[in-house]
Amino acid sequence: MLMDFGDALNLALREEMRRDPRVYCIGEDIVLGVPFGVTKGLLDEFGAERVLNAPISEAAIVGSAMGAAMTGLVPVVDMHFADFVTCAMDEVANQIAKSRYMFGGQIDCPLVLRMPYGIGRSGGGHHSNSVEAWFVNIPGLKVCIPSTPADARGLLKTAIRDPDPVLLFEHRGLYRLTGEVEDAETLVPLGAADVKRAGRDVTVIATARMVHESLEAARRLAAEGIEVEVVDPRSLVPLDRATLAESVRRTHRVVIAEEGPMRGSTGAWLAWVVMEDCFDDLDAPIARVAAPNVPIPFSPPLEAFVTPTADNVAAAVRQVMK
Amino acid sequence: MPGPDALLAMYAGMLRVRLFEERVRELFAGGRIPGFLHTSVGQEAIAVGAATALRPDDYVLSTHRGHGHLVAKGGSLRGLMAELYGKANGICHGKGGTMHIADVSVGYLGANGVLAAGCVLAPGVALSIRQRKSGQVALTFFGDGAANRGPFHEGVNLAALWRLPVIFLCENNRWASTTATGLSAAGGSIAARAAGYGLPGERIDGNDVLAVHAAVGRAAVRARAGEGPSLIEAATIRWVGHFEGDPQAYRSRDEAAEGRRTDPIARLARALEARGLLDAAAAGRIRAGVTAEIDDAVAHAEASPLPRPEDALTDLFAHYPWRD
Amino acid sequence: MPGPDALLAMYAGMLRVRLFEERVRELFAGGRIPGFLHTSVGQEAIAVGAATALRPDDYVLSTHRGHGHLVAKGGSLRGLMAELYGKANGICHGKGGTMHIADVSVGYLGANGVLAAGCVLAPGVALSIRQRKSGQVALTFFGDGAANRGPFHEGVNLAALWRLPVIFLCENNRWASTTATGLSAAGGSIAARAAGYGLPGERIDGNDVLAVHAAVGRAAVRARAGEGPSLIEAATIRWVGHFEGDPQAYRSRDEAAEGRRTDPIARLARALEARGLLDAAAAGRIRAGVTAEIDDAVAHAEASPLPRPEDALTDLFAHYPWRD
Amino acid sequence: MLMDFGDALNLALREEMRRDPRVYCIGEDIVLGVPFGVTKGLLDEFGAERVLNAPISEAAIVGSAMGAAMTGLVPVVDMHFADFVTCAMDEVANQIAKSRYMFGGQIDCPLVLRMPYGIGRSGGGHHSNSVEAWFVNIPGLKVCIPSTPADARGLLKTAIRDPDPVLLFEHRGLYRLTGEVEDAETLVPLGAADVKRAGRDVTVIATARMVHESLEAARRLAAEGIEVEVVDPRSLVPLDRATLAESVRRTHRVVIAEEGPMRGSTGAWLAWVVMEDCFDDLDAPIARVAAPNVPIPFSPPLEAFVTPTADNVAAAVRQVMK
């Protein structure tokens, strides 16, 4: 069936909440599904016990999710905007990520943090950030970042069933993107990259919104006779290194596209991974597409300037083809 | 009790905030202003009662709903409107926008996209005030919802502990987005939390500009005397959506109606009329003057240039010659 | 009022904590135990008064000073001591150590190296209790210093708002490391903060195990009845350094002396003697029994193997077949 | 004069507090200098107005520092342990880092966050973390990471005089390391890497404690006839790319050594930087030395296993020499 990214997430929540009574949702204004509608209507089907509107207390929302997860429930936290995970950073980085390990495996911590993120609509400096790189750097967390409605649904379902904490980065620019979603319940495994477009000349490794920008760039470049392969890792932790390497060994040229800031971001790390696995296969330096190292500005021309697009991807591809 | 001129200034001040916000809403609806917009229509008495009780050099720290606080503090309407438009000559060169406006020249140290952030910034502003022996105060606005975040606790405790010149002014407009205050603040009272830190806390009618002015005035005197911070909870009503475009499914139409019945501007107008300080003609002149200011600000913003795209790379550091 | 057996169990329980901690201190001084060590010598009445007022299946969330809480909750001394030694068969396989001990089998959900972390974990534990209709309660310990962190505010507010079965038990031992409570908690009272959330808050004598037992018992009844959380501030004295090796330049020797004068163990002993429930011989037998348990735990820990270095890579995820 | 790393930081604080009355220190237990002694004795010289023992309120400590910095003071915050920056993450990532930019350059934010960090002495999961990678990824922050007493003093002085926020990562294993420190007031500029040992065969880029492990490895390898150059960036933001590239262009072989976890860390990013600047100069894939992707365990043999050492650096050098 055709549905949008937000509805696909909503479907995944419904399916998992029906399947497992331990699953509940918590967050600010989730009963009415503000701001992105993902949790809309859940209250009617599952009741107030399982759809909890919390006060503006990110540390308590995330911390309580861990307390519940340690003792038998499966919380799905809506961070409202990923930017606000800063208000619960200790709970994520020191508590959730570390407890299974520090306690010698005594506890499961099956929870999901839904992280709406990304640039767009002049959200400004506090509502536009890509912070996934911080969590890739924190051992004990799994990190997913879907680009299509089907992947969003499948990854969220898998994340909810995972016995360990999973962060799901949902680009807010994708919520109204429609795509084909299986009628049957379909899971997408973690650690399984997906080749969104096959091509022989260049491998573009892209996440979330940048997958679509890369596909657009690929269409344009095809007209110039350049065949671009677009590989979407879908989960960063675990990372499907095999699929990435297999593609690079065929194309010998790599572009890595993300929306986060250039410095110290996931793209820099992915470049390292590719180099580690495929150094001798590379015919050109890896090129990267990312935002410049500034906060996200408000004014449309400024915001547009820092937002990576198909143009940037196309330019990067041409560069590695030189 | 403020004198006639001060009262009339409050009246004009509230009208300026009201008409500015209503114009901003129109401009947003008309696609002239981008962003996630939160306006303070109905809450003008708090912004103006507070600003008029402070010295021009006192500091305020604001929120995501901060246009009115800046207008009341005396910020340039041209600079502010141009910023909301995202223009190059806006107060923040278009980098901040609605949730990140700042105008240090009038002591307005910034709106904030993160709730309750000002509660921990303010004690530091107060530390510098004390160190500089400047006799200023730092007032931070925050909402009823924001009062449930940790920084409220840490900031109030630190300011109380060190007897810092801070005023914590909570605008309780009954809602945090879709969530009623009673469903987010245990105990139902923000003011009641003050006692736990050994502080005075009072709940006032936030639709009575004189009550706000008096409460903030008392808190400022206390702060300047080195007696420490105060917590004020000002009850008010948000007439409009939480953000522009909010369907407001969570509340009944009656509330906006109640807001209009308790309109702080009409209320002050009646008081002024009763004392013979205002009549229809004078009211008309004031409105005309304020409207002219706003028309001018809009004309200025419309005529102003957008920033050059590459200006996105400026203002990050005072000086940064390095290649990244 | 607990019966004779219960009273004797409290006496033995406090003695077990005391002798365990003192042994740990010796072992640390002797280089047998690594890490940053914080012991609870002098604070035994709180750990034991609380644990004996709870059901075995109730949960506790602990702190950096958590050995005593686990001993009192009935954790295996062998498993605990082996963990403090960093041995492979410690309760956390040597991965946790003094600040991260956990023994889920007795409802002890973990010490914590981050102050006040338990204040936000506990409401979630309570949510699962409610969902499972298990009638358990979740008690979180925290210090007077930790009470000044945001999670205290957010956790208490959430638990109060949702009437969750949580007990917030503050061990006020007058100091946060080198900082006196009066210099960190504005107003000077942690218990007084409860009122702001519409909660019962009481300050009790934390060196009176019966007072702690009674207060926690009342809070547990309230929690199980669905009436919500309680905040208890138990005043006590830390006899020893904040951490092992602390020169304690910040306080006078008198305080430790005062601690010994108000020794919770001697105090209960006197009460038991007065009621003819304890005499020198019986006290000797109890001490001998506890000492034997601790000797056994030490012998077990000494004899246990260290983990294999590569075991550092296990226990991160339930299942992780991927190459990083 | 000979002094240890901690005393060199103490000296820098005294020198700067004498020079500029706007400078003050704030943190938990700093009056007595607990736990690392860096702020010891400052109270006697500068008084309680400028040496502030704060309650355990990291958000208020860091947030208030920004409020003070915006309005004329120069705070030096002692984070106690860098691990606890998680408790003030919003103040650092959303407030301090972004305010100059979001406000269009209206304010200076001259503050320093002193970040004692690192593995050692069975500190365990909450007292041993290397979190510098998160801050390298946040535009608007400068990040220093000294390895010697002289660099520590010089960088802290420069950081205090900088009109923008600077994080100084102080490895707690170095506090008692002694070294030569100039009698004269000496500043170390940001963005100036330092070649700690010259060598023709391999460039080892290392930070903080790993500089010393790398020097030890270099001594051992010299005996095998391998001449290792050890380059210490000293500041990660800004980064002295020129000095790194100059070295790599001579040696054609690179090892990057850090103490943080492998995944998404500063080493991964530095590998990208080297590849971007020197791809054609590399004769072998870059090798990295870092901790495995786990929290830091307590037990000595486990802690030792995850702690990168000279052995790891030597092994990596031999690998790139193959």
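Couple of notes before you dig in:
In order of appearance the chains are A, B, C and D, and numbering begins at 1 in each one.
By our rule, contacts are C-beta pairs under 8 Å (C-beta built on N, C-alpha and C of every residue); 3 or more make two chains touch, one makes a residue touch a chain.
Since the model is a prediction, treat every value here as computed from it, not as a measurement.
Shared contact partners of chain A and chain B, listed by label: C, D. Farthest from chain A, judged by the mean position of CA atoms in each chain, is C. In terms of their C-alpha centroids, the spacing between chain A and chain C amounts to 40 Å.
If you average the Cα atoms of chain A and of chain D, the two centres end up 30 Å apart. The distance from the centre of chain C to the centre of chain D, with each centre set as the mean of the Cα atoms, comes to 36 Å. Spacing of chain B relative to chain C, judged by their CA centroids, is 45 angstrom.
Contact with two or more other chains is made by residues 54-55, 57-59, 83-84, 86-87, 90, 94, 101-102, 124-126, 139-140, 263, 292-295, 297-298 of chain D. With touch defined as above, residues shared between interfaces to two or more other chains in chain C number as follows: 90, 92, 94-96, 100, 112-114, 148-151, 154, 157-158, 161, 183-185, 316, 324.
If you sketch which chains touch which, every chain touches every other chain without exception.
Touching chain A in their complex are the following residues of chain D: 83-84, 86-87, 89-90, 92-94, 97-98, 101-102, 124-126, 131, 133-134, 136-140, 237, 260-261, 263-269, 271-273, 275-276, 279-280, 284-286, 288, 292-295, 297-298. Chain B makes touch with chain A in their complex at residues 34-36, 86-87, 90, 92, 94-100, 112-116, 145-146, 148-150, 176-179, 183-185, 249-250, 306-313, 316, 324. Interface residues of chain A, counted against chain B in their complex, comprise 28-29, 31-32, 34, 53-59, 83-84, 86-87, 121-127, 262-263, 292-295, 297-306.
Remark: chain A residues 22, 24, 49, 54-55, 57-60, 62-73, 75, 90-91, 94-95, 99-108, 139-140, 142, 163-164, 191, 238-241 touch chain C in the complex.
Taken together, the chain C residues at the contact with chain A in this complex read 59, 61, 90-96, 100, 102-104, 109-110, 112-114, 117, 119-129, 131-132, 138, 150-151, 154-155, 157-158, 161, 314-320, 322-324.
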